[in-house]
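Below you'll find the structure I mean.
We just call them A, B, C and D in the order they show up, numbering each chain from 1.
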Amino acid sequence: MTVRFGGLTAVHDLDLDVPDRGIFALVGPNGAGKTTLINALSRVCRQVEGSIRLDGVDVLSLAPHQAVRAGIARSFQRAELFPTLTVLENLLVGLHSAMRTGLSGALMTPAARAEEKAARQRAERVLRELDLWELRGAAPGDLPYGHQKLLDVARALVSAPKLLLLDEPFAGLTDAETPRLLDCISAAGKRCAVLMIEHHCELLEGVAERMTVIDFGRKVAEGAPAAMRDDPEVVRCYLGTGRERATAEAAC
Amino acid sequence: MKTRIFRSAARASIGIACLSLACSSWGQSAAPGATIDGDTIVLGQTAAQSGPQAPIGASKWGLEAFIGYVNAKGGVAGKKLRLISYDDSYQPAQTTALDKKLVYEDRVFAIVGSIGSPTTAAVYKTLNDAKVPLVSMGSGSPIFYEPGLKYVFPSWPIYTTDGETMGAFVKKHFAGQPVAVIYQDDGFGKPILAGIKKSLGKVDVEIPYVPSQVDFSSAVIKLKASGIKVVMLATIATSGAQILNQMASLAYAPTRILTSSACGYGGIFDAIKSLDGTYCTAFLPPPGSSDPKWKEFADAMAKYAPGHPPDIYAAWGWLAGQVTYAGLEKLKAPITRDAFVAQLETLRDFDTIAGKINYSAQRHEGSCCQLLWQAKGGKWDIVPDSGFNGSAMK
Amino acid sequence: MPQRAALVLVALCALLPLALQTIGERQVYWLFVVSEFFVFAIVAVSLDLLMGRTGQISLGHAGFVALGAYSAAILNQRFGLDLLAGMVVGGVLAGVASLVLGFPATRLRGHYLGIVTLGFGIAVDQIALKWDSLTGGDQGIHLHRPMLLGLDVGTPVRMYYVALIALVVTALLVYCLGQTRIGRAFAAIKDSEIAAAAMGVPVARTKVLAFICSAFLAGAAGAIYAFLAGFVAPENFGIESSLLFFAMVVVGGMGSIGGAIGGAVVVDAVKNAAATVSGLSLAILGGMIVLVVLFFPGGLKALLQRRRRAAAPVSGLDGVARQDA
Amino acid sequence: MTQYLLQIALAGLAQGSLFALTALGLVMIYNASSVVNFAHGAMGMAATYVAYVLIEEVGVPFPLAFAAALAAAFVLGVVVQTLFLARLRNAPLMSQVVVTLGLFMLIQGLVGLAFGYNPRRMTESISLAPVILGGLVLRPQDVLELALLVVLGIALAAFFAATKIGLGMRAITENRYAARLMGIPVGRLLAAAWGAGVMLSAVVAVLAAPTTSVTPNMMDTIVVYGFVAAILGGFGSMWGALVGGLLLGIVVNMIDAFVAPELAMSIVFGLLILVLYVKPDGLLGRATVQKV
């Protein structure tokens, strides 16, 4: 897979294979192309060469909104929540593809009400699991940042995806909030594949089965988190001299 | 929760439905104010005082001047006159609402001197059905002259007369020359075009336009390229000025004839640099003329509407006042709308600032006649022997 | 509880004609004014569905009202169709027009819809004026006495109830839509197009859907207006009216039905109070819009509720503008 | 016939240069601040009233009054950006667009209050007689409009290509956040872009004044065509705006001459919708990249 912006190649000839269960981490310095990779997988980023397949479905042929139905859900680096909706409603948007009701919903037909009720129960179950149930009527903007990140992950989880893409879920979380999210992600890893961008190697060691290190859009190393720690290439990436950082991340 | 709202809403709508049935007998009686019982006759008017058409709103002051003049002389039929004038911004939707206010809330006796074809078109049928007199509207649109409109009394010459006046003049003095008409593509421009065709037989080039158009280069280039020698303009004031200015800038000087509505305003000699030699149809004396009827109006304006110039728009209001006065003049108590209408229908060759006006039970014709002005040295002169009588009531 | 307040308001409106009976025939005017206001409020609510809920600007909503009004008037004049048929046909035609306009315009950058609708409003005017064999040109169309399902609704009181019920039904529909999958998708698009797409919302198609719903309601309101005024003319629905509807939504506080209706009250009042001085109402409304956006982003609604919410998180395309804070 | 066509095309180019300059100003402002300035025409109109008062009521010669109008326009643009839009930099983009619409109504209403709606005539910028060249009438006014377009077009292109301020503005267009980090005074440059954009609108309004007359609504039609020209050019490209404006001028004049002048704007918008169906990024625009 290759992603180019004009003259800049953000992801270069990258091969990545993710099994259908488990947690996989993507690491690399700023500008390495991690978010671009997630954007490419979730179809936000359209300039992709090569091929992406999920359970035999050609992901590149999908429009951005079709990714969810194909089983790909994602969170955002800065928790792109919907501020004018409540916490519960944010989750219900995550179920958009799973529901069918059209405009007839405004007429409150029995079918529409039954579907709405089922969707609410499903969303509330996820909120309970994450201990967010009490906040279901709150505005996301009123929540502490850690809760917003948690909600962002919950919104992706609620659609029961096959592949869950998490963009730095732990960034900005307090020490108290981290374990809660960690539990939640571990649980998700038992049901589906989780591809997660993360910087904190210590965090990953407990949960991630495998981790891929990329830099300048290329794969640098791959393996179990513990092994990666001592890999010279990885160390060079993180501790290497202060190079100029590409702004590919901002551009996608 | 939603179900509850629905249930409440359903209950509410059933209640409303019952109420509406219960109340169904209301509001069906005749319009109020049909009989004058006080010592004042209240007249209503709508005229644009704001928006792009605001200049025509000056007719309000002509009407106020007339009322001041009449009241100073002791009023009419033993009563004083009073005017309530609203600004409709030349928008028919506003006219609809404001006329309801004038008739039902303010209880005016008649709607007098309201300005504008589209605005009056919005209300004339409703007023006629409610038996409220609509007198001397500022429009010559043929729809107001249809027979059967018992309560509608137009006072301008019908727009086709305007076109016929132009056509007759061209036929007499410029026979055989190629002619063109630029006309506003609506109920104002099209009857004028029809009148021109009626008296001239044929027109070589016809160019429609809409009021929002500001660049007439292409139209003028087209006329010039077609070798047109006489151009007649059935336009409103702003468009007429723009077209004449474009002609000058393209070094094109055909014989130019404007319709009366396009040349009545005071600033026209400033707005059009090449006005000299241009003709214009008219049914009123030129501003500043020594005609005694104009002087009477101008003096009253100075006295009863100080600060407002005696221009053509104000004269429209004065005309409306004159017609209304003629309908009230000989009435005795009780003064009713039907008596007023009956009195108006007796007027034959009634002399106003706009010439002679004829009404009968069969036909509400308004002013019969028009003539031409020509611009000379910053003022309008009457062109001798240019009069046209469109009256069918001879 | 806002729902209870709304019910009380509706009940008061339903009783108003009884109270107005005390002023005799003068009620004809007041009933007309309030009915006309109800129709404007429907348009404001419909525009709020588009602007407040979905974040799309329309500067030509009067064009949809005109389309509905003309459809109803022509069908009534030629075929004697009744109010309900006029509303349905008018709404559907407005919806079709919005589909044609919205399909290319909403796929693109947000402001394209504003510009394209501006042109649409002007074009409807021009075509209505030009096509006089159908529309009567500038002389407009006079309608027959309004009938609704065989019932004569031609009296001021009955038209008042027709307009009131239409407003209540519109408000209920828009409110309920907000609680459903589609309504949430509208809000999601307004908040962050990218996140909405990632949640499976087809952004372009949903925007067009919002536009169609909004145009449908505006067209239906136009049909009611045609019967209420008994007359339709091109000048009724110019750019000035579109700006008035726009002002109603902004002043009321975008994204709320009550706000839109309240905005309609304020704008209608300003328009009538300042009508006699050239330019005054335009200046006041423009000034109000600027002040509301700068100092009271929630509009009337927020001023009344005084409910405060913390600043929304950085999101979507707005994030680009927010970055330099 | 050819001569006739040429004369129409010439009128179209002259009118088109007004559309092009309007579109250029709109695009300049849009590129810098991502805001479509719906008050563009009204601001140019207000500046024209400054020139009008100076010429007709004070008696200042035309060039001086023109300069004063341009200065007023620049100040107006800067004030609007710094006083209104800068406050909204954290609000949704829609709020900023709504403010420009509010300003449109406010400015037009205030000018209407101050001067009324009667059309006023302003002396031509140049009062030379038209020149007749091989049967073609060359209006000095048209020649001036085209010349100004060429001069301003080249000057702006050179400005954006070569000067430090121009480079800074281009950087803001690309990425405002990064531009700020690079030490570019974003606020000042935004204000300058607004000032310069509104100045272009004032140039158009003063040039158009002899044709349209000076009224509060004088720019309404022109600015709508300016929007169309900008969209045709892809709303973002300066060259696109220039070419789109000239093209539109010719199209409008051809419609006026050969089709139906009373439907000109409807036809233009119909064509615009068709163009958007076929080429969503305008005739000359490039595809845009969304940012996350």
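Keep this in mind: contacts are C-beta pairs under 8 Å (C-beta built on N, C-alpha and C of every residue); 3 or more make two chains touch, one makes a residue touch a chain.
The shown structure was predicted, so the numbers you read here are calculated from the model rather than taken from an experiment.
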Via touching chains, subunit C connects to subunit D in a minimum step count of 1
So the chain most remote from subunit C by C-alpha centre is A
Larger contact count among B-D and A-C belongs to A-C
When centres are defined as mean Cα positions, the distance from subunit B to subunit D in whole Å is 38
Averaging C-alpha coordinates per chain, one finds the centres of subunit A and subunit C separated by a number of Å equal to 39
Rounded to the nearest Å, the gap separating the Cα centres of subunit B and subunit C is 34
When centres are defined as mean Cα positions, the distance from subunit A to subunit B in whole Å is 71
Residues of subunit A that touch two or more other chains sit at 44, 76, 108
Residues of subunit C that touch two or more other chains sit at 122, 126, 129-130, 176, 179, 194, 277-281, 311, 319
Where subunit B touches two or more other chains at once, the residues are 2, 6, 50-51, 54, 185, 210, 212
Touching subunit C in the complex, subunit D uses residues 34, 36, 38, 84, 87-99, 101-113, 116-117, 176-177, 180, 186, 216, 224, 227-228, 231, 235, 260, 262-263, 265-266, 268-270, 272-273, 276-277, 280-281, 288, 290-292
Given the complex, residues on subunit D that touch subunit B span 3-4, 7-8, 11-12, 14-15, 112, 116-121, 129-130, 132, 137, 139, 141, 208, 210-213, 215, 217-218, 220-222, 252-254, 256-257, 260-262, 264-265
In their shared complex, subunit D is touched by residues of subunit B numbered 50-55, 185, 207-210, 212-215, 217-219, 221-222, 225, 237-238, 241-242, 245-246, 249-251, 265, 267, 270-271
Listed in rising order, subunit B residues that touch subunit C in their complex are 2, 5-6, 8-9, 12-13, 15-17, 19-20, 23-24, 26-29, 31-32, 49-51, 54, 86-87, 89-94, 96-97, 100-101, 103-105, 117-119, 121-123, 125-126, 141, 143, 185-188, 190, 210, 212
Seen from subunit C, its contact residues with subunit A in the complex are 173-174, 176-177, 179-185, 187-188, 190-192, 194-203, 209, 213, 255, 309-316, 319
